[in-house]
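My questions all concern the structure below.
Labels run A, B, C and D following the written order; every chain starts at residue 1.
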Amino acid sequence: MTRIAILGATGYTAVELIKILLRHPEAEIVAVTSRQEGQPHIAMIHPSLTGRLDLRLEDLSPAEVAARAECVFSCLPHGASASVVSVLVDAGRRVVDFSADYRLNDAEVYAQWYGQKHADPARVGKVVYGLPELFREQISPAQLVANPGCYPTSAILALAPLLKAGVIDPRTIIVDSKSGVSGAGRTLKLTTHYPECNESISAYNVGRHRHTPEIDQVLSTVAGTSIEVVFSPHLVPMDRGILTTTYSQPIGQIGEEKVLQTIRDFYDDEPFVRVVDHFPGTKDSLGTNFCDITARVVRGRVLTFSCLDNLMKGASGAAVQNFNLMYGYPETTAL
Amino acid sequence: MTRIAILGATGYTAVELIKILLRHPEAEIVAVTSRQEGQPHIAMIHPSLTGRLDLRLEDLSPAEVAARAECVFSCLPHGASASVVSVLVDAGRRVVDFSADYRLNDAEVYAQWYGQKHADPARVGKVVYGLPELFREQISPAQLVANPGCYPTSAILALAPLLKAGVIDPRTIIVDSKSGVSGAGRTLKLTTHYPECNESISAYNVGRHRHTPEIDQVLSTVAGTSIEVVFSPHLVPMDRGILTTTYSQPIGQIGEEKVLQTIRDFYDDEPFVRVVDHFPGTKDSLGTNFCDITARVVRGRVLTFSCLDNLMKGASGAAVQNFNLMYGYPETTAL
Amino acid sequence: MTRIAILGATGYTAVELIKILLRHPEAEIVAVTSRQEGQPHIAMIHPSLTGRLDLRLEDLSPAEVAARAECVFSCLPHGASASVVSVLVDAGRRVVDFSADYRLNDAEVYAQWYGQKHADPARVGKVVYGLPELFREQISPAQLVANPGCYPTSAILALAPLLKAGVIDPRTIIVDSKSGVSGAGRTLKLTTHYPECNESISAYNVGRHRHTPEIDQVLSTVAGTSIEVVFSPHLVPMDRGILTTTYSQPIGQIGEEKVLQTIRDFYDDEPFVRVVDHFPGTKDSLGTNFCDITARVVRGRVLTFSCLDNLMKGASGAAVQNFNLMYGYPETTAL
Amino acid sequence: MTRIAILGATGYTAVELIKILLRHPEAEIVAVTSRQEGQPHIAMIHPSLTGRLDLRLEDLSPAEVAARAECVFSCLPHGASASVVSVLVDAGRRVVDFSADYRLNDAEVYAQWYGQKHADPARVGKVVYGLPELFREQISPAQLVANPGCYPTSAILALAPLLKAGVIDPRTIIVDSKSGVSGAGRTLKLTTHYPECNESISAYNVGRHRHTPEIDQVLSTVAGTSIEVVFSPHLVPMDRGILTTTYSQPIGQIGEEKVLQTIRDFYDDEPFVRVVDHFPGTKDSLGTNFCDITARVVRGRVLTFSCLDNLMKGASGAAVQNFNLMYGYPETTAL
């Protein structure tokens, strides 16, 4: 049994994380934190937790968290997260960080995309990127894991096998992603006000979205060459789910079956990647930790289509998968 | 041609009103007001108006409005509206007020339900309720019209014929309403944040919703006896539309066909009420000024089902219908 | 470990049932049946099951089913279900029947509402209604359980405590229900074609819905007097969830707190009923086996508001709850 | 006043067309046809037309149609349309054909993509493609106009200015389109059954969608060189609207402002194309005949984003725009 604290527990990734951990036989949630005034019961914030978790939100210092919990999931926003996580790690706690703070290996790239100096630059570049399908061996012993972004997971899982096998030209990658609204978080914004975004689809932050350098970095690592993708996120009127469509030029002639087989071989033993023949819908993986992938070759281009639930494989499911690896529990426990 | 100003032009009723007036051959929009900083172009706030209306939002005083426009539509919130409208009316302008300020005939009832003293108590009780199907003759010559609430319109249009004909017992009325999210306005709230209200239905403000006394008052006038309804509003995951289901006891035995015929007769010459045999869906009247009504008798109870678009017949469509009556334009112009 | 067959496995209740049973430590799914041609793999019909259940749909006779499985969940349509279930029960198998065939205690009432003679009249009236909150003791030893309808569960759970305590007048009950579209099943119909029902709400089958006699019967049993409710179902543009609003007259004067306390006391030890103070949204119980209930007293009427997931507590979750009781597994296993 | 017949009036494009024509001062709908049995009133099929159009569906021969109407809008499916339209054109009627039958200039390409021989091969290649922004002069005098597909309109309007100006490399075009469900029509299919497609996004028919050769052909004409695009359509959970994102390589270095200016200049006098700076959402043009376009340059690629309402500028709005040109009415009448 592992004693767990969850920092920043008012958001959507936190409530999803709590629901997974509640069915995890080896997890005990001992603290949920927030700066919310008045220490409300967690069920006041998330009515779906009524009768399921009897804890109040507390405004705890990092030291208080470290005193209570062995393992910490930080759902704090970027910037805020690193300054707390660094204290916890110094105190010997193991941490899964949902924020982007430790995902990028270069503090300057971080500063450029996130518009602020990194709060814990000494650790930057030494933290494993928590995508088990690529970095399982480094995750298991890690004290700190940078939980991946939702868009990057969908793009990287689709493209990594093809880059690794040298099937596609790394200079030609386009990533066109479509996400449900929960990906934008629980903070009130006009763009996610129901009558604004319902029954409408639009692109946003194209060329400026902060997941861009994250996709670049991991794909570059995989390919062994510097990659810069064109990344276009779109907001879709649905709660959950990401569909990422990628376009790239093959290196040489390649058939569709070969592309599919390359991806299939890569994920042969993976419990949470399903390589399928049909075009997956995001609903197929809704509420699960699966990522569904297929591919096509159209007029000489390689296309991939990958779906996942942004709150599960795109966030909290992945976090628990990492937690399971870190603590030696079966990787699929509670997922 | 009538020169029109629209006050409080950043909300959903205002943009809908603008779209209707843009196709009205006798309406010219000369001012749109808001306290929004920087006097942004209206299309910056409502992108759907791009290329359709070339005006900036202005923070005008009532006197400035009166100097520019002959007719004013006030989309200001309750409380704020009366203090501006009273000046405009004193200045001789004709006004359609979207707020609740002049709907109730009793300043004490207003104070009780709206939690504030009325800003223009002298006019309370002397303003016509802008429901042409009941009060057409008073609307035509009126200088000030109180535009009805969306829920009240749906309930009143369904019940008025039955009360007038003495078919139902006024002490037994239950009003169960279901509304799309645009009815809650454009102000950001957690309850109308997309991931909170999408794929969910819930009741809200039952017993405390401010449309309750408005329904009471108009039905009481129609019935000639004091009526207090039980009113339950529900929030439905869709942009627009209200479906109101009512339940009441008949006076004596009555058949379904008689109930339907009573309603049909009442609205025989009405251009915007359609009495139908099937169960209407809110989509049937989406984007139109129609209210669709049917009725059933089930196990001795009389049930009515009425649908309308809350931004059209429930707000801006009704306002233009009133405007047409006030200015002697054909009642259906632009609708 | 219990060997389980699922009959009629192409619909939404079946796929939901499969997902629950896949996480049940004591359940093994050994057969999934359908008349679907060509015995397709279950994942061809339900892509969400890819990699999770490796079975083909088979067109098995009742005898073949009985030979393979110890426990059978029948998701066959009414009429078809009784003729198969009767054979299975005769062969000694234990059955949870999702259809309405064994819910009503009177074959004539069945014939009247379902428009056909009952296929197994000898058993009618001897089968327990599978609502553990009311009939737990009869469910545990039962060989055959009639799994309740989704609307009835939401209405009965809200009203039973008040009827049992004599708090409300049984002659005055109105049930206004709002359901997501999955409740209408997977058979293609114009009314559930996306562009028809999306962004629209409408009533349907008012006074004729087949769940009416089921609500009547169970409430009558609870109250010890004959009850006929007025039942109005509405179709809401969302996948899952039912919100039922009920209206009734109290017997004598009663306060809101007393009403709430009556319901609270009734469900004190129940694992799946949450009596709450706020107005529940259907999203609070989405994907869970909970039923959330609150109540209000408005102008002398008693109102209840109850929410559940129609595919969980309204169907497959309830079925597994019954299964757990029948086989002596902890009642909340896999739920 | 022009006497109009609408063929195949049961679908979504037909009902939208009727609504536009009802507000057209010079259009009189004299016949609506369908093979629907029993000649139901049009309002039985489309309840939204209740009280607005008093016609029954009739199963008329082409000769009967020609006898009644001067102008015919054919909403018949491809294949069926050409065989009727050819008779009408021979009889001297003017026709706007919503089907794909006359859009392609090559009967062999038609046969290849539509899987059938063309019913009127003699006319193939001689019919104007009804996109006024490109072919206004040929549309005005035309007897027969091939109304464009919804996806092609969104892609062509975005790309034509850039191809014409030689700004982008015609060999590098990727078209990633996202459409609401009404684009799939009113015929019942599992993929458009509400619980299947709601809350889900998926790609479909990638590389095989029949709008592919249509996009190819018109862009080739514009560019003066043979173009083959990669086209990926996606189904989005909303009623209406298409967002098309395109990716292409610029010829030489080009800045974002230059790209935007090229598009702006091209559509300078167009009443229905709005070139905007922000990312348009499909809701901005919902219910209108506008196409909203913006562009970006990201990491050396040119990206365009175009939105339209698939039932308006993507179908019925465009058809009335063509009708207005053909009959010399102001081009924006009723739009």
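FYI, contacts are C-beta pairs under 8 Å (C-beta built on N, C-alpha and C of every residue); 3 or more make two chains touch, one makes a residue touch a chain.
No experiment lies behind these values; they were computed from the predicted model shown.
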Reference interface B-C: repeating pair among B-D, A-B or A-D with over half of contacts shared: A-D
Between the pairs C-D and A-C, the one where more C-beta pairs touch: C-D
Whole-Å gap between the CA centroids of chain C and chain D: 45
Approximate Å spacing (C-alpha centroids) for the pair chain A, chain D: 39
Interchain centroid distance [CA atoms averaged], chain A/chain C, Å: 36
Residues of chain B engaged with two or more neighbouring chains: 197-199, 237-239, 280-281, 283-284, 286
Interface residues, chain B side, partner chain D - complex: 47-48, 50-51, 199, 274, 276, 278, 280-281, 283-288, 290, 292
Complex contact set, residues of chain B against chain C: 174, 176, 178, 180, 196-204, 206-207, 228-232, 234, 236-241, 243, 245, 247, 279-284, 286, 296, 298-299, 301, 303, 305, 307
Residues on chain A engaged by chain B in the complex (per definition of touch): 12, 181-182, 186, 188-190, 192-195, 197-199, 237-239
